[in-house]
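In the two complexes below, chain A is the common chain; its partner is chain B in one and chain C in the other.
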Partner chain A sequence: MQTALSVLVDSTLITFVFALAAIGLAIIFGLMGVINMGHGAMLTLGAYFTWYTTSAGVPFAVAVLLAACGVGLIGLLLEHFIIRHFYDRQFETLLLTWGFFLVSTEIIKIVFGTDLRTVTNPLPGAAHLGPVVVPAYQGVVALISLGLLVGFALLLFRTTVGIKIRALVQNAEIASLLGLNVGQAYKLVFVTGSAAAGLAGGLISPMLSVDPYIGNVFLVRSFFVVIIGGIGQVLGGTLVGSFLIGGSETLFALVSGQVVAQTIVFALAILVLRFRPTGVLRAE
Partner chain B sequence: MTRSIVARPGAANAGLLRSETAVAVVVFFALALLPGVASGYVVYIVPQYLLYGMLAMSLALLWGFGGILSFGQAAFFALGAYAMGLAQHWDMAVNPAYVALLISIAVGGALAGVVGYFLFSAGVRDVYFVLVTLALSIMTEQITISQSDITGGYNGMFIPRMSLTFGDASLDLSDDVPMYYTILPLTIGIYALLRWVLASRFGKVLIGIRENEDRVLSLGFRTPLYKTAAFAISGAIAGLAGALYGTHASFVSPSLAGVLFSTQVVVWVAIGGRESLLGSLLGAVGVAALSNYLTAITPEYWQLVLGIVFVLVIMAFRGGVAGALGGLTAPRRPETESG
Partner chain C sequence: MSHQIGLTAKVSRRTILRGAAGATTTIACPAIVRAAGETPIKVGLISPLTGAWTVYGKAHSAGFELAVDEINAAGGILGRKVEILIGDSKTEPRIVVEQANRLVREEKVDFLAGTFSSAERNAAGPVVTSAKKVLLYPTFYEGQEQKYYPGVCNADIFMFGPEPTQQVWPHMEYMIKKFGNKFFMIGSDYVWPRVTNEFTKEKLKDLGGSVMGELYIPFNTPQYDSALRQIRDSKANIIFHTLTGSDTVNFRKQFVAAGMNKDFTLWTVDDEEVVTSGLGPDVSAGTYVSFDYFMTIKNPNNGPFLDRFHAKFGNNALMNTVGVAMYNAAHMAAMALTKQGKVSTEALREGLHDLSFAKAPQGHVTMRGRDNQMVLPSYLMRVRPGWTGVNDMFEEVQHLDSVTPVDARCKKLPL
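The block that comes next holds the complex of A and B.
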């Protein structure tokens, strides 16, 4: 019973970490349809910014916010100088964002070095909920992750900005005819997604050792989370997708090795992609 | 009517292809003479670049001519190398290395064929195909790490140099010059084979799919089958290149299947020129040679420059180096085609 509960807690925590890592992509890819292969690099940048500022003595919470701003700014530059010229060409944006990954990874190596870096866990200790032990930091991250998802969903479905974005997603041409500044709206979405990725990278950094490829662990998984969950389903889709990709990996890992579990999950994700290309939450 | 529509993009490439043949003859001739004027490390390393070039051509067929991008070519390459490595333990009447070469072709072709048919028959979009091939590459890397009993795990696997046998005669390829003169003809052979494939009706349909898949489909071609076949050929060639690479390098490790190597191939092909087989081949040889040389001097900055060049090629020079050179030499066409 106790094992079952702790497995449940583990897979829930992992689900929220995956959701956190995928939020930025759910925004950029899920809403705008931009295949952002630089998503992993944005997570990595967030982690490095957090490492850099915390080692300079900045409190962790502030460091993570700075990381989000920093990566948001990089996203703004990337969008303004490159991506915005290629919105109608999905294939080119895929390659260009991969180029962004190549370039930013090398810049990270030059600026921060290739050694493994560690960010001190700001909340050591654990909460005892009955028989189950929840690591405090992971618990808080899960709550932040949930908060972000709900926040973005509210933003999208309960505000004027949200209705504009949804109009843009549905039909950019008509939205622009109705007076929406399409270029500006795309820019806003891209920067928000980048900042969310930077925030996620910062929050994930204390859980893993930071190296120049840390974000890549989450790149393909995040894409699968968004695709499996259903493109454009920021709240529900991301959670369901994260559970199917991340949570189920924890469950499979119980009966097989970690690597086999990951392979199974990837294979299942490919099956879903084949048979339900619109994701599990989309009816059509 | 069908023929003229499908053949048109091919005709647009004809000027480039004609001049390409001349360049190819010169390049291969020069490569054949190379061991006469150079020795030592150059003769050792050039075959490795040629195998990278073979891998690059496998991608060029798919991406440059079929419009299908794969981030998973390294998976087939690594599987081929592992097949070659495992062959050393086989005790059989025929040369096990020959069997390994055939198996690497079969495994690469079959895996690509199955995955390709599975996805293309459902009309999975190109960008999702990229993600699946990326996942394929990650899965292959993970499996080779985890199955350490068979593959040696992280430590990799030692592979002896193969020998060529003709009946009773046999030629040991542990020396670099015989190895060179084994790999060079095979590379030329693959180049010629792919040129033939592209000049055939199949190649015309493939180019048609790149230009406008819906139109080719509505003309009655079963495009999923053509795309599957292109991916299978591409996988088979990547597998063969990998098997030869394994025996040439005498070593294979899981990172050969990894995402970084996989996308390195994409960079070679983009810079060399995705719509030219020779451009892709020379792109791989050139970039790999430069990487090897400059990594010793300035590792970080070289990779950075490579990344920037890649971005610039994608933004502004769709044809890569081959396209830029072809544009200079080819007679001006009245209609400029944007793709």
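The block that comes next holds the complex of A and C.
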């Protein structure tokens, strides 16, 4: 019973970390269809900005917000100068964002060096909830992740901006004929997605080693999360996808080694896509 | 007319560029020619300069470069200067093969030094064998077993780093006596952790201990919740840690965040100065580390060595066991060739057999001729809480001046 409970808590925590890492991609790829291979680089940049500002003495919470703004700004520049010219050509966006990843990774190496960096855990210690141990910081990150998901879902489904974006996703041409400023809406979505990735990178940084490849660990997994969950399903899809890609690994690791567990998870992901190519939550 | 002017301007700019390029070449070339006197001895250095293990790459190449500077300052080898040709392994065995081939075939190097991980060394093995070149290998590794030939058990590959019976065995009794005999093993999923754990288990059995769990983690795993739960439930005393690179940092941060550092003793055989710096004082405090070399060891050779190292690479540069092994490798190769009086693969191989080097930063070391394995000292250190830099990072727990490893498990000895 005790193990069952702690497994449940573990898989929940992992699910939320994966969801956090994937939100930015769920927005940019899921809503706009831009295959953002630069997502990993955005996470990395968020982590580095957080490391840089915290080591300059800025409080962690402020540093993370600054990281989100910084990466959002980079997203704005990227969108304005490059991506917006390619919205109707998905394959080109893949190459362009991959190029962005390569360039920004090299710039990170030049500016910050290749040494391992650490961001001090702002909330050390663990909470003992009965028999289950929850690392305090990871618990808070899970809550923030949930908050972000709910926030974005509310934004999409309860505000006029959300209606506009959904109109855009459904049919950009008709939306523009009805007077929607398509370019501006796309820009807003791209910047929001970038900022979300920056925020995620910042929040993840105290749990991982900050190196130029920190975001890459999450790149492929984030794509799986978004595709498995269902493209365009920001709240439910991201959660279901994160559970299948991240949380379920914990369950499989109970009965097998970690390596086997990871293999099972990705095999499962492929199986799901075979029979539900539009994702678990996506309507046919 | 304006077009004409524009054209002229363009041509002249180009001419200037060409001139500049020419000047650079003329400046750069004589340096090599002048240094040569005769044709230089070429060494191919394969280092992880980019990719996942870049963090280790700096000390790796720096140790070798420092030694080559010293060799050249003292007149070179047999009157010939030594020239380093560097190849970036990108931490990928596939690239190691490319680079080793390039250095051997195109650059025509006299011998090779470097590669970092066991996988990289094993990838270089076939190239070394077919090209009949010697490879000087610096990293702490899993020891030699015939089934990994030609990466090990190879007469042309010399091991300058410690293997488990030098790095782990000498300290097991102390650790067990102090903390208990129940081990939990966690490592990255490749040959070094797996074989190192095999050796450790063998000795642990002799000492009456037991393994409460054994876990191998794929590279680049971000979350360790289930691993931490297994460790927590295992009732082990000591976590024996062979994770590498950024996975070390990821695991350890989450280990400390879960408050488990209070309940378990952690003994790592991977985290030298560079990785421990990356972990930071909060995460690394109180862990045990064992190697043949640390920057803070008190051997009389070490101080002057570090002075020279800092003079060349700056006061903040980090040295470690691998960098020191590269340093020893260059010096011992020079000694071997000088002793033999000629430069060839046979001369280097013969010269290195049973060669001793008294000026090694970790003290007197000897290359055992039988199986090309260095006889080295072994240190057990504890990471000091609240350390501020490499100078107060490790406190010595115990050390042995010279540890003779068990014989390599190769089909025939001597190699």
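In the analysis below, the second predicted complex is superposed on the first by the 283 of 284 C-alpha atoms of A that agree within 3 Å, B and C clash if a C-alpha of one lies under 4 Å from a C-alpha of the other, contacts with A are read in each partner's own complex, and residues count from 1 in each chain.
By our rule, contacts are C-beta pairs under 8 Å (C-beta built on N, C-alpha and C of every residue); 3 or more make two chains touch, one makes a residue touch a chain.
The structure presented is a predicted model; accordingly, all values stated were derived computationally and were not measured.
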Legend entry - Overlay on chain A: chain C relative to chain B, clash or fit: clash
Inset, instruction - Go through the superposed model and pick first if A:70 touches only chain B, second if only chain C, both, or neither. - result: neither
Inset, instruction - State whether A:270 touches chain B only (first), chain C only (second), both chains, or neither. - result: first
Legend entry - Contacts of A:201 with chain B and chain C, given as first, second, both or neither: neither
Legend entry - Which of chain B and chain C A:135 touches, first, second, both or neither: second
Inset, instruction - Applying the touch criterion given at the start, work out whether A:209 contacts chain B, chain C, both or neither, answering first, second, both or neither. - result: second
Inset, instruction - Answer with first, second, both or neither: which of chain B and chain C does A:7 touch in the superposed model? - result: second
Inset, instruction - Check the residue A:259 against both partner chains and state whether it touches chain B (first), chain C (second), both, or neither. - result: both
Inset, instruction - Pick one for A:120: touches chain B only (first), chain C only (second), both, or neither. - result: second
Inset, instruction - Please work out whether A:38 is in contact with chain B alone, chain C alone, both, or neither, and reply first, second, both or neither. - result: neither
Inset, instruction - Give the one stretch of chain B, out of 189-197, 243-251 or 297-305, that collides with chain C after superposing. - result: 243-251
Inset, instruction - For chain A, give the residues common to its interface with chain B and its interface with chain C. - result: 109, 216, 257, 259, 262
Inset, instruction - Under the touch definition given earlier, write down the residues of chain A that touch chain B in their complex. - result: 35, 82, 85-86, 90-92, 94-96, 98-100, 102-103, 105-107, 109-110, 216, 220, 223-224, 227, 257, 259-260, 262-263, 266-267, 269-270, 273-275, 277
Inset, instruction - Sort out for me which residues of chain C touch chain A in the complex. - result: 50, 52, 54-55, 57, 189, 215-218, 220-223, 225-227, 229-230, 232-233, 246, 248-250, 253-254, 256-259, 274-275, 277-280, 282-283
Legend entry - Touching residues on chain A, where the partner in the complex is chain C: 3, 6-7, 10-11, 13-14, 17-18, 109, 114-118, 120-121, 124-126, 133, 135-138, 204, 206-209, 211, 213-214, 216-218, 246, 249-250, 253-254, 257-259, 262
Inset, instruction - Can you check the complex and tell me which residues of chain B touch chain A? - result: 69, 118-119, 122, 124-128, 130-132, 134-135, 138-139, 142-143, 145-146, 259, 263, 266-267, 270, 300-301, 303-304, 306-308, 310-311, 314-315
